[in-house]
Every structure is written in C-alpha cells, then in structure tokens.
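Chain naming follows the written order as A, B, C, D, E and F, and within any one chain the residues start at number 1.
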Amino acid sequence: MTALIPVTKMQLLETGIDGLDQIAEGGLPAGRSTVIAGTAGSGKTVLALQFLVDGIRRYGESGVFCTFEEDPADLVANVSSFGWNLNQMIEDNKIAVVDATQHVSDNVIEVGHFDLSALLARIENAVRRVGAKRVILDAIGALFPQFSDANMVRRELRRVQSGLRLLGVTTVVTMERTDEEGGVGRFGVEEFVADNVIVLRNRLEVEKRRRTIEILKFRGASHQKGEYPFTIDLRNGITIIPLSAIELVQKSSEVR
Amino acid sequence: MTALIPVTKMQLLETGIDGLDQIAEGGLPAGRSTVIAGTAGSGKTVLALQFLVDGIRRYGESGVFCTFEEDPADLVANVSSFGWNLNQMIEDNKIAVVDATQHVSDNVIEVGHFDLSALLARIENAVRRVGAKRVILDAIGALFPQFSDANMVRRELRRVQSGLRLLGVTTVVTMERTDEEGGVGRFGVEEFVADNVIVLRNRLEVEKRRRTIEILKFRGASHQKGEYPFTIDLRNGITIIPLSAIELVQKSSEVR
Amino acid sequence: MTALIPVTKMQLLETGIDGLDQIAEGGLPAGRSTVIAGTAGSGKTVLALQFLVDGIRRYGESGVFCTFEEDPADLVANVSSFGWNLNQMIEDNKIAVVDATQHVSDNVIEVGHFDLSALLARIENAVRRVGAKRVILDAIGALFPQFSDANMVRRELRRVQSGLRLLGVTTVVTMERTDEEGGVGRFGVEEFVADNVIVLRNRLEVEKRRRTIEILKFRGASHQKGEYPFTIDLRNGITIIPLSAIELVQKSSEVR
Amino acid sequence: MTALIPVTKMQLLETGIDGLDQIAEGGLPAGRSTVIAGTAGSGKTVLALQFLVDGIRRYGESGVFCTFEEDPADLVANVSSFGWNLNQMIEDNKIAVVDATQHVSDNVIEVGHFDLSALLARIENAVRRVGAKRVILDAIGALFPQFSDANMVRRELRRVQSGLRLLGVTTVVTMERTDEEGGVGRFGVEEFVADNVIVLRNRLEVEKRRRTIEILKFRGASHQKGEYPFTIDLRNGITIIPLSAIELVQKSSEVR
Amino acid sequence: MTALIPVTKMQLLETGIDGLDQIAEGGLPAGRSTVIAGTAGSGKTVLALQFLVDGIRRYGESGVFCTFEEDPADLVANVSSFGWNLNQMIEDNKIAVVDATQHVSDNVIEVGHFDLSALLARIENAVRRVGAKRVILDAIGALFPQFSDANMVRRELRRVQSGLRLLGVTTVVTMERTDEEGGVGRFGVEEFVADNVIVLRNRLEVEKRRRTIEILKFRGASHQKGEYPFTIDLRNGITIIPLSAIELVQKSSEVR
Amino acid sequence: MTALIPVTKMQLLETGIDGLDQIAEGGLPAGRSTVIAGTAGSGKTVLALQFLVDGIRRYGESGVFCTFEEDPADLVANVSSFGWNLNQMIEDNKIAVVDATQHVSDNVIEVGHFDLSALLARIENAVRRVGAKRVILDAIGALFPQFSDANMVRRELRRVQSGLRLLGVTTVVTMERTDEEGGVGRFGVEEFVADNVIVLRNRLEVEKRRRTIEILKFRGASHQKGEYPFTIDLRNGITIIPLSAIELVQKSSEVR
C-alpha cells in the first residue's frame, strides 16, 4: 500500500478540432475517456465522429467506433454529407466498427445479461486490428436502462472506463441527457465516475436555438471554463467559436 | 465487421407542405421515420394527414395511414372540412388504412401482449397493396403505456423504426407530450431512439395560444433551427410561416 | 380495411350558451363527447347543466344527466338559485337523471369492479325514455381512482366515449384537475383520448380570482384559440365575454 | 330514477363572524359541510371554534366539537385567552365535545380499522344531547394517513359528509395543507368531494406574514371571490377585513 | 364526555433569551413542547442549549438535555466557546444528560424497534433527579427515519409530546429541515402535531447568508409574526434583533 | 449519565491553505471530520489533497489519503501538474494511501456487504505507519449507493465519523452533490450527521462558471458566513479570495 505508485504523467491528445483544442488548452486527456453528454440532436455523434475523422486526416491516427444506438450503415450515411467518407477509411484500415446495437431479433429475455467483457474484447480486437489510438463509444445510454440501480450504473461505467484505460487509447463516450439544466447524466452518478466531462447544450431561447459546448471537468488538467457557442455545418462539421480571439491568444500562450 | 458497410446516400423527400420543406431544407429524410411530438390538439394528426394528402395530390405518391387512437371513420370525417376527401383516395387505391385502435370489445387480459410483428405485417400488406411511398403512424403512444419500463419502450420503438426502414417508405410517427417544455417524450428515451424529431408546440402566453413547429433533430441532414409559427385553417390546413422571406430565400438557395 | 369507410360529416350542435357558441364557432361537435376539465369550483357542473337547460329552453332538446359525485337532489337544489327548475323538467320528461354516485352503503370490496356496461345501459335507457339529444356525465373522475394505471384509464375513457357515440347524443363530460397549469387530466392521458377538450380556469392573480374558458382542441373543427373570461351569476349562470365584439363579428361571419 | 327528486332549497346559516358572512354573502350553506383548509398555524381551529362560540352567543345555537388532533382540554385552554369560556358552555349544555384523538395507549395494530360509523354515532349522540345546529370536525387529516389510497380518502370523506348531512347540522371540517399554493388537500381529491371549500393562507412575503381567507367554492351559492386579509387577536379572535367598505355595502345589498 | 373538562390556563415561561421573549410576547408556552425546525447549521442546538443555560443562570431552573445525534461530550465542548460550562452545571445537578444517540456498536437489526417508553422513562428519571423545569430533545429526526410512514411519525411524535406533557416540563424539540422553504418537517405532518413551532432559517441571498427566526405557530398564544434576524457570536450566543425598538416597546407593553 | 462528561476543548488545525484558514477563522476543527460537498468537477479532490500536501510542506504533518472513486495512480498523476510530487511524499513516509475503490474484478454479489470495520482498520494502520495527523476520504459517495435507505446512510456516516474521531486525526471527507442548490447531500441526511460542512459550488451564470466555497456549518466554532470565490490554477492549486482585505483583517484579529 505504501509501495510506490507507478505514475504516468498526464498528457493531452490534440483532437484536430481547432476550437476544441483551444478551450481544452491543448486537447483531450490522452489515454483516458471523456464523456460527452447532451440532449437529443445536440451534436454528440457528429462531434465524436469528427474526433475520429480528424485523427485520421490530420495525424494519421486510426480509430474505432462502437455504436450502441444507430446502425453503422446509418452513421456512415449520416456523415457523408460532411464529405467524410467513412467507408473509404474502413477500407483503408483506418477505422474499425463495432456494432453494439441490440438487434431487433435479439430476445427480450437476454437483455438483463448484457455481456460487458465480450464487448470490451470486441473493442480490443478492433483496436488491435487497425492500431487505433482513438475510440468512440456512441450512445452508451442504450446500454444502461436495463439496470434499475444507480449503483450498478456506477460500477458498469467504471468497468468500461478501466477496460478502455488498459488499451491505452483515448476515448470519447457519448451519453444522453433529457434536460439542458441540472445533473449531467440520467442516473445522477455518471459525472462523478467519469474522469472528464464535456456538455453539449442546445438551448431554446425565445423560440431560437443556441448550441454551446462546455468542458465541465478534466481531472488533472486545466481548461477554459464556461460555455462556448458552436455550429454544425456542411463544410466543417462542428466549429467551436472562441468568444474573443485576443482572450484566447493570451490564454493559449500559457498552455503547456 | 471491417467488411465494407453498404451505404445508401441520405436523400430528402419533398413533403409538398411548403413551409415545412423550407425549414427542412428540402423535405423529410427519405426512407426513414420522423417523429412528430406535441401536446393534445397541437396539430399532429392534421400535419401527418397533410403529408399523405399532399403526397398524393402533388406527387402522385400513395400512402398508408395507421391509426392507434382515433377511429378511421373519425379521421376521415375530421379532415373533410379541409376539403380532403380521404374516402375518394381510399377508393382510388391511393390510401390504405390500418386500424390499430384497440377495440372496446378487446379483452383487458390481452393488452400486455400487443403483437408488434402482426402490426408490421399489416402495414407491409397495406404498403404493397397501394404501392405506398409514405406511411403515417398516428398516436403511437396508445401502444406504449402497457409497458412499464423505459427500456422496453426504447426497444419497441427501435423495432418499429427498423421494421419500417425495411419497407423503404418515408414514415411520420406522431407521439404524445404532456408538457410544452422539457424532454420530448413520455418515457425520456423516445427522442434518442428516433432518427428525426419534429416538435409541435401550442404555447399559452398570457391567455393567448401560439402554435409553433420546430425541427429538433435530423440525423445526417441540415435544417433550419428554432421554432416557426404556423396556423391551421380551413383553406390550407397547416401553413408554416417563414419568419423572414428574405432570410429564407437566401437560405433555401443553399439548400440541396 | 380498404373497404370504403362510412363517414358522417362533422356537424356542430348549438349549445344555446351564447358566448360558448361564438368561441366554438357554431357549437359543440354534434354526436361526440366534449371533455370539460377544471379545478374544484371552476364551474364545470354549472356549465354542464346550463348546456342541458338551454337545450330544453331554446331548442326543446331533451337531456340526460348522469352524476358521479354529487347527489341528484343536491344538483337540483344547487342550480335552483339560477332560476333553473330541474324538477319541473324531470316531471315534463325533458330531463332524465342517472345516479352514478357510489352510495355510502356500497361495500368497499366491490369498488374495483365498477360495471361500465351496466352504466352505459342505464344511460341508454334514460336517453331512450326522454328522447335525449344531450347527455352530461358530471365528475367522471370519481370513477377512475380505482384504477391504478394510466393505460386502464385510457381504455375505460375510450369505452365510455365510443359507447356514447353509438347513442348518437352530444355529450359533455366533466373532469377534475388539481392544477391550473400543465397537463389537462390527472393521469396524463385523458386529453389525448378525448376528441374535444375545453378547459375552465379559476386563476389566482395577486389574491384575486379570474375565471376563463378555453377550447383546447376540437378534432375536426375550427374554434377560437386562447382563454376567454367568464362570470357565474344568479341571473344568467355562465356568461362568456367575447374579448372584442368587432373581432368576433368578423370571425363569426366566416363560421360555417 | 325519473321519479321526482325531493329538493330542499339551499339556505345560508349566518355564522355571526361579520367579515365571513359578508364575503360568504349571507353565511355558510346550511345543513351542509364546509371544509376549511390551511397550513399549520393558519387559524383553522380558531375559526372553527369561533363559529361555534358565535353561534351560541349571537343566536343561541348549540354546537358539537369533535377533535382529532388536539386534546379537548388543550382546545379549551388555548381559546380561553380570547375570553371564550368553553367550559361554561359545556356546563350549560351549549357545547358537547367528541374526543376523536387517538390515545397514546391505543394499539398500533388497530389503526387500520378506524370505525367511522362509531364516530358518526358518537357525533349524532352529542348533537342530540345539546340540540346542536352547528358541528365542527377539527383536523380530520389525522384520520386519513392510515389510508394509502386517494380513492379511499375520497370515499371516506363522502361518507363523513353524507353522515353529517343526515343530521341536519351545518358543519365545519378543518383540513391540513402543507403548501400555500397548489391543490387544496393532501391527496388531491378532497376539494372535489367537498361541497364547500374555504382556504386560509399564511403567506410569507419577504420575511413578513400575511393571513388571508378565500372562499374557493360554494356549490349552489354565490360568494365573494379572491382572498381577504384577516387578523387573529385577543379581543375579537378572527376579524376578516373587507377590502373596501363601499364595495361590500353595494355587494351585500344584493345578497339574499 | 359532557363532563366538565379540567383546564389549566395557558402560561408562558420566560426563556431568558431577550429577543426571543420579545417576539414570543412573554416566553414559550409553559408545560408544553415547542418544535424548533431548521436546516443543518441553522442554530437549533445552540438555541436549545441557550434555553437551558439561561434557565439556570437567570432563573435557577434546572434542565435536562437529551441528545439524539451529537455525543454529549461534543455538545459540552461545542458550546464551551460561548463561556457555557455545562460540565460545571452537570456537577451542580443543574443539568442532567440523556444520551439517546445510537451507538456505533448497536446492532442494525434492533433499529426498527426503538423503545420510546424506555426513552421517556429515562427522561423522567433525569427530570426527577435534578428537579428540571426545562427539557430539550435535540435532533429528534435521528429517531424517525426508521419509520417509513408519515402516519407512524405522527403517532410517535404525539406520544413524545404527551409523555413530556405529563412531566409538567417546558420542552424544546429540535427537528431537521432540508429546504428553507416549503413544509416544515421531513414527513409533512410534524408541524400539525406540534403545538408550537419555531423555524430557524439560514437564507442564501446572492452568496451571503442571513439567519432569521420565526414563530410559525403558538397554539393558544399571541406572538410576533414573520421573520426576525439573529446572530450567533462568542459573547452572547444567539441574539435576536427586534426590527424596530419602538415597534417592539409598544407591542411588548400590551403583552401579559 | 450524570457522571461528569470528559470534555476536550475544541481546537482548530491550521490547514495552510491561506484563504481557507481566514474564512474558517483559524482552521478546521481539530480531531474531527469536515465534509466537503460539491458537484462533479467542483474541486473537492484538489482541495482535499492540498490539505494533505500543505500539511506536509508547511507543518511537517503526515497524512493518509483514502480514495473511493479514483485510482491512486490517477490521483497522483492528476495533481502532479500543480507541482505536487505525491510519490516522493509516499516514499518519504509522509503520505500513506488506502485504496478503497471497488475493483473491476470485485464480484457484484459482495457489494451489499461492504466491510466498514475492515476499512477503518486499514485507515488506522495507515495512520499509525506514517504518524498521520490529517486524513482524507475522497468521494465517499461511491460507498453509499449500495444502501437503499437514508436511515442506513445516516448510521454508516456516523460510524465512519466516530471511527475517525477515535484515531485523533483531523479528517476531510468529500461527498457528491448533483445540484448546486438545495439540500447538501444525496440522501438528505448527510449534512445533519456531519459536524462540519463545507460546500464547493461551480455556478453557471449566463454561460460563465463561477467557483465559490462556503463554510455551511462548524459545530462549536465561529466562521465567516456566505460564499467566497476561488480559483484553481497550476501555480497555487486552490486560492480562496477574501472579498475585502480590510474586512478580513478586522475579523481575523478577533479570531482565537
């Protein structure tokens, strides 16, 4: 117990998504998981995929995407309008897909016994095959309703998180929220288990919508506080708007 | 798993409802389901039927309407005041009706065992018979209260959605909401399962009502953000009012 | 199912309550049920009885009143101050009464097995005897607490509604609400089952009360939107105040 | 059922509490029960006892007080500071007391089987002995927590109400509320069963308290609407302050 | 039952805490219990102990303190900073301590069977030994969570209250609240059972705290209404600040 | 029971965190536990570790850290960016670590039987080994979800607190909160059991975050009231900003 603890210095992984790397003061905590929480349509899936795509395009880092809610074919089709050719990347062994959606034919009885170890094994396999540095788990919420108890959600989340840690990859996990305000997750424990939490909001203000992104916490790393507006458009996918360029230049000069 | 994923490029289906096609920047995602959620009397049924009727009138596209709450005869009578002669359309094999209301004579005991496969089969039949391209499922909420659990609702919705996807039709599914604000659906999971969500609101503002429509999310497609006012009147049914004509002209020039 | 659907064109029944016929743009949907929801003392019973009384006085249309909460003798006494002589109308075979209150002597054990068919039979009998065109079911909420489940409430309400539809009468059903804002009914499903919903409010504004009436929805018919103030007084019972006479003249000229 | 209904014209009983008779436009509905609901310390017990005491002092009408929460000796002591000598009135056979508090020695097991008929019999006895015209049931809430179900509360309340109606007395029933706003009773059904409801409020406004009384509903009788301030003081007990004397003079000239 | 009720005229016991006696218009109801409710750290324990200490110092009246949450040794240590030497008072037989905390070694199984009679016997013993006129029960909430049901809380509280009444002592009972607004107690029934209720608040107003005390109800006694600010400091313990000296002089001249 | 109670005069332990010692008017209550509650990312862990680190650096006082949620290696890595070399301190026998996280390999079945005595024994061991004066228990919430009942949480917390008291150490216990406002803990009882409570807030004000610290209660000690802003930065860790220097100089001159 007093034995010396082996420590790996905390590092950041540049995402390649400019605005994000700015407010994250360098990038996401490397080798760890970051939870992205948001309401339906807030942009979680687009952000997660952009993290993979930019990894490949800008740094040549392969990635794995594991999907719990949307069909892989749909995901590919949905982002093709951004000019992202996921299929090509799959063919080039840059991306591997893990389909963790529950198929319509799956029997109801089996639901209660989701096999987390099997899932982690499939992810590990995919990581190995393409030599992935980045992993995304999209819509992990589809996994949890089957547990009735906050305590169980806590433990399962912790298992997912440590399982991924062992693989040495940097992971983005997207998670559902039903309200823009209040606690981050559905069970009131998710944000405490997670090492890093980013919140996407799609605020309704007098009949207009306003999208914002906030880094709520990074355990062990500094980051910009508060919400930053962002847009989703055909040309660039997600663009985070630094509120004041000068402000950010100053700040980023202190970063790492 | 690394096998190439067969992707169909995401397309839009013009609804023929002008304002809607404008804010949807072309139409509803083709071959997919769009959920329309709203409080009682918010106009869900009228909008859904107008989608069918305009499909027939403007594009000669047949349709199927499946009703869970209102009697088919009532639906026909209710919209006749808009000058929509559904009976004629049924006679012309332009519309097929699937009556999924629970009949008063149905036994209480059977409620728990609603047969979703049978329903999908009946819809498929109807689709085949009239060669339908458009399908509406009105008031699907009447189907769910029999399940106590959010997880089950999630799975059943997913089954309905994939079942319809296989038929290649573009579907509108209406869904109940009890409050104008907050989460979209009754069980807090509906909006995450659905690929596309439109919200109809009937806001009470100092004793006056104001109807608005909002595209909350379109997976894989751009759309106008925020709420747009609309009216229901005898002459045109639902008319969505583009807030600023100039604004919209500019925007629609970029569309598709 | 593709067989032609027999449709009866939607008609309106003039209630004889002036303001109401104005905001209803002609009257209540004929041959259907209209739910009137409101908090305690909001005027539901007075409005329902006035619908019966004006039917007799102005159009010679007989009526049936079925009461779930108040003793028939009390109802008669309570409205006598308005100059309404219900007893005379009963004697003249203009009104028939169905007493559906649970008598104090009724055994607790039997509560769970309320016999809806028997009730509908009694109502049908009463309708036949006086040749009623109008029926009221006052305080139907007293019927429902015995069911624990929203789904059951939904089904029972639908049974009541279709049962009454078969009789060809125009029905007013009053229903309890505990809050002035939010969902209409106690179980969150009533407003979706009902074809037509009117809400009575008794708003507390800085220690003053303000009564308003709103037609929330009429399936298949146009109506004035928003809340209209009304009063209850000895001379006229309920009087609904059209906010602007000119406005209404214009609007009503377009009606039917 | 079509048999003529025997009707007793609705009458009012002057309470002798001036302000109250003014806002009640004559007094409480005679021969019926009026519920007085309010938070702890809002003045329910004082108002109820003043109704009894003024009945004796001003009209020579005897009364019965039935207490569910406070010990009779405490009640007597508590109001002695107002100069009300309940003991003397008991001795003069002007007041009879029914002690319905659950004694500390009562066994827990018996709680579930409160004998309502026995209670009504004891009240009837007391009414007979002193020839009471007025009855109060103070803190009836202490009776209900033993029922888990809103439906049962509804039925028991109705039984109490009809039982008292048969005795021909005018009754005041006090009832607990935990919040100043929202539904009247604890179970959300009390205000619908009750024929007449008065609400006492003890509003906290920026660290000051303000007491108000409101007649929420009188079935079958007109009354002043909204809240009226009142005070409790040693000399007069409860004094209701008519907001504008002129206003009230006008209004009261129309009363009965 | 018509037998004359033996009544003890309601008296007040000067607490010796100046501000409190002023807003209480003389003191706490003698021979009865007063509940003091407040959030964590609102000053309940300090106020209760000051009631004991001032009783001894100013009137030579002995007291008993019964503690449910804090260890007696802690209580003594905690208030020593106010210059209160509880140990000396215990030695002088001015204070007796009843330790009703559940010891860590107590078995979980026994929790459900807390022996209230045994507790009352221990309190009675202590009262006898020092001839106490004042008793405090601090943090009685620690006693109740073991009951799941509001009805049981109601009965147990009533038993405590009557048990203490028989001893002829004036009691202060402190009770937990989790929110500054809304109902007084945790179970929604405590404030109705209690004869007298004082609320301590520790309001958060734009990042500042403000302590206030309010007498919510005194059954059978007049008192100042609304909230009065107070402070806790080393020299005087709790000091209640009469908002306007003049106002209070006038008012207190009318008191007793 | 009347036996003299052995009392230890309440003392304060300087934390070495300047701002904190100022608002705490000297330091944390020595030999006791202080709960630090806050939402995810509010700074609980950083504050707790700074308490340990400053103890060692400024006063040469050893410490124990017991972690329930984060892996010890992660904790060490996370704070290394502050220039805190925990590993060195562990090597120097200045810090001992107790790993109380539930390992992924732990069996689900065992969860319900967490062995608190074993944990306390491990902590005692660690305290002995390094001669610790300071102990931190980080994220104790991970321990409680396994209990369904507030009463059990209350008892377990009390056991932890008394267990630590016996060790003579000054302890900081961090605890989760899901909302910035309202009750302190998840179960509504934590703040009552705890002797001392500090709340960290991370308020969202119009898209900006503002961190504040508040001492909610110190049983038996004076402290500054209300919220004080603080920052977390690389150079100093947590810095609490005294709102007005003059104000604080005055106040601190009165302290101890």
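The criterion applied here is as follows: a contact is a pair of C-beta atoms (placed from the backbone, for glycine too) under 8 Å apart; a residue touches a chain by one contact, two chains touch by 3 or more.
Model, not experiment: these values are computed from the prediction.
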Common contacts of chain B and chain D, by label, are C
Common contacts of chain A and chain F, by label, are none
Self-contact between copies chain A and chain B, residue sets same or different by half | different
Chain-centre distance (mean CA atoms) for chain B and chain C, in whole Å, is 31
When the C-alpha atoms of chain B and chain E are each averaged to a single point, how far apart are the two points in Å?
-> 62
Could you state the distance in Å from the CA-based centre of chain D to that of chain F?
-> 53
What are the residue numbers in chain F that touch two or more other chains?
-> none
For the complex, which residues does chain B have touching chain A?
-> 1-2, 4-10, 149-152, 154-155, 158-159, 162-163, 182-184, 188-189, 191-195, 197, 212, 214, 216-222, 225-227
Touch list for chain E against partner chain F, complex | 39-41, 45, 69-74, 76-81, 86-87, 90-91, 93, 96-99, 102, 104, 108, 111, 126, 129-130, 139, 141-142, 145-146, 176, 178-179, 186, 204, 207-209, 232-234
